[in-house]
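Two complexes, one shared chain (chain A), two partners (chain B, chain C).
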Partner chain A sequence: MKIVREALAGTLESSDLMVRITPRDGELAIVLQSEVMHQFGARIEAVARECLAKLGITEALVVIEDKGALDCVVAARVQTAVSRAVDEWTADWSALS
Partner chain B sequence: MTDDLLSYTIDPALQPDEREDIRTFLAKCGLDYEIGVEAFVVFRRKRHLVACAGLEKNIVKCTAIDPEMRGEALGLRLLTELIHLAQDRGHSHLFLYTKPDCVEFFRSCGFYLLAEVPGLVALMENTPIGVKAYCDRLKRLRRPGAVIGAVVMNANPFTRGHRYLVERAAAACDWLHVFVVAEDVSLISYRDRYALVSSGIADIPRVTLHHGSEYMVSRATFSAYFFKEKGIVGDCCTAIDLLIFRDHIAPALGITHRFVGTEPFCPTTFKYNADMRHWLRGDVSPSPAVEVVEIDRTECEDVPISASEVRRLLAADDFARIRRLVPATTLELLETKYRAPRSSAA
Partner chain C sequence: MRLRRSMLFLPGANAAMLSTAFVFKPDTIMFDLEDAVSLREKDAARMLVFHALQMPVYGDMETAVRINPLSTPFGLKDLEAVVRAGVDVVRLPKTDTADDVRALEAEVERIERDCGREVGSTKLMAAIESASGVVNAVAIATSSKRLVGIALAGFDYVMDMQTERGDGSELFYARCAVLHAARFAKIDAFDVVFSDVNDDAGFLKEVDLIRRLGFNGKSLINPRQIDLLHNAFAPTQEEVDYSRRVVAAAEQGEKQGLGVVSLNGKMIDAPVIEHARVVLRRAEASGVRQ
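Our next item is the complex of A and B:
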């Protein structure tokens, strides 16, 4: 799928994260800020990348403001942001979990 | 406990009762109500207003939380609502003025510091890569040399005076970077201003022309933010803009000198040039000092040329005198596109 517009998902509240996804040509860039950067920063980014890969997103700028979210929350917020940023949702929800 | 909270959005122009409630609440928190705010997020507990935050286009204003409610993470909910409201209104890149002791709080809401005047005011943006990405793009346009100059001009419209300033500045530098203020609030559109500067200085060697940005003389960096001590308003406005220039833009391009034209008639500009020396050169930032060079304006029949004079003549339809102050390209554009409608055939 192609990111065609900027979109936002999530909140800044504890155990959640805010994901902002923006169209970008030629690369997939993730910028992560987290309150638990030292312990889980690499893990959060890996979950986000895996989720984007399953959705077939190869070009985008993804900015994440994390407040200590669990993996499943990270994936859910990334999926929602993507669903708002594409024209047509072609992924199979059941294959994502 | 925050689950008995009610949150919603209001339009202050259409909801005077809510507006007056917000005004009272802000006063209680030591803040002024700002008339430019187009939408507010409001939180109420029972019927009492306990938090609000406003938006004027992409600038966050009038953000306050009831002192008794602080420490309950209400701020994060308030800013979440506000960021989503801004997104719905088409603004993803947000700026926010606050007092320096609130910077840490807004950092926890995903805002990042752009510039701070200690003890007075700080400007933040809601992305970790905003000014950095902008400066990374500028870095690719770096030029070698010991003296690297910069001129920031609105050029509303481009005159022989601007041409003279760029010529003189370029002659004094190894390379000169010229920026055209991008904010589109002037009589002459940004597109036209940029085109006129571009053709007006094309033949001057060792010059790069840049588009302006939100980080330079923009609504965001020059916002009419105010404090209770109204006297410091002007200082804060120029200080933030000049500190962003010194801390971010100048290092990206290696700028060592900033050139400005003198304004012998206008006390405001006179003061702005003095501020420029203070914030760009003074001991107020860890970044290298930028020298400020004032260049006397070129004159036409003993009167310094200024864009404001050209606008006055334009309003009076005095093209005979405009012709002497502007280059041919500006004259042609003014005649074809910006000529004031005449009341009677002449």
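Our next item is the complex of A and C:
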């Protein structure tokens, strides 16, 4: 799947996160800001990378501003951002679990 | 017997509420993808609820999702997500006829087969929100073996009836019709939301009414209402003591092979025994009324 436009998902409310995804050639870059960076920064990035890998996203700039979200919220927001940034989105629920 | 006294509605797009709602321990957590979610956030809410349903935190609580009507561009997508995520109950809004339930059931079965989920394991609930739904309540309540209950939704109903929420008299016929249909079909019946979360006295007055009518429970929009509701539905100590005596007498009679049992000179038949067991189950779940 290819990121063809900029897209946003999520909010900056507590227990949520904002994900901004934009097209980028040649690399998958993740920029993460979190209120719990020291404790959970690596975990949040791992969840985001796993979601992107399952969706076949290998090129994009993903900017995440986390406000203490659980793993399931991180996954949902990353997947929603991708679904809004690709040309044709058909949910493959087994790849989204 | 599953208790369904409290059905806590949560906006499907609200990450914080979805992440923490289980701590309030309602009988049923109802993730809402319909009216509580704006059109532009339907996709995000669906994804959030898909993941929230798979959190291993619910224990004995029942999970349910109010999907969008199948006539909208969102309904079927909601259904695909939540059945695959393992939801216990799908709530269909704006149910006007039995065919609405049958159409939902057919789609649920297709998805269950498609994803390998046991066919029949997804239960259904129909929300009645119109004069048409009330008139067809019996047909709706008996339309599917998957139905665990029917619920009256007050706001849309009073709009359809060209009136407004008041002292409850505007809901009298609908409450009785929905309740009778549910009892005829031997499924649960749920009352409307009480929207003024700061009016505990008004809430408890309404809860007392619907409990005495015979409703199983009520839709809630604030976690504060859960304990109030559970306490109001809890039996009194006197009811518990009597129910224990009834069950003990019934068990004794069964051991002795008696067809009919009496307690203090009064005959105890099957409905009395069953009611006593329900009372004890409620006491076990929420203690004795304070």
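Quick note on the criterion: the second predicted complex is superposed on the first by the 95 of 97 C-alpha atoms of A that agree within 3 Å, B and C clash if a C-alpha of one lies under 4 Å from a C-alpha of the other, contacts with A are read in each partner's own complex, and residues count from 1 in each chain.
Convention: contacts are C-beta pairs under 8 Å (C-beta built on N, C-alpha and C of every residue); 3 or more make two chains touch, one makes a residue touch a chain.
It should be emphasised that the depicted structure is a prediction, and the values quoted were computed from it without experimental measurement.
Participant: Just chain B (first), just chain C (second), both, or neither: which does A:Q33 touch?
Facilitator: A:Q33 contacts chain B only, not chain C.
Participant: For the overlaid complexes, name the partner, chain B or chain C, with more touching residues on chain A.
Facilitator: C
Participant: Tell me the contact category for A:E13 with respect to chain B and chain C: first, second, both or neither.
Facilitator: A:E13 sits against chain B and chain C alike.
Participant: Let me test your reading of the model: by the given contact rule, A:W93 touches which partner, first (chain B), second (chain C), both or neither?
Facilitator: second
Participant: By the touch definition at the top of the document, which applies to A:Q79: first (chain B), second (chain C), both, or neither?
Facilitator: A:Q79: touches chain C, not chain B.
Participant: Which partner chains sit in contact with A:V63 here, chain B, chain C, both or neither? Use first/second/both/neither.
Facilitator: The first partner, chain B, only.
Participant: Quick check on the output: what are the common chain A residues between the chain B footprint and the chain C footprint?
Facilitator: Correct list for chain A: 11, 13-14.
Participant: List the residues on chain A that touch chain C in their complex, please.
Facilitator: Contact set of chain A toward chain C: 9-11, 13-17, 69-70, 72-73, 75-77, 79-80, 83-84, 91, 93-94, 96-97.
Participant: Given the complex with chain B, which residues does chain A contribute to the contact?
Facilitator: Counting only chain A, the residues touching chain B are 6-8, 11-14, 18, 20, 22, 31, 33, 63, 65, 67.
Participant: Of all residues in chain B, which touch chain A in the complex?
Facilitator: Spelled out, the residues of chain B in touch with chain A are 73, 76-77, 79-80, 83-84, 87, 92, 108-110, 127-129.
Participant: Residue numbers of chain C touching chain A in their complex, please.
Facilitator: Interface residues on the chain C side: 14-16, 18-20, 43-44, 47-48, 50-52, 54-55, 77, 80-81, 84-85, 115.
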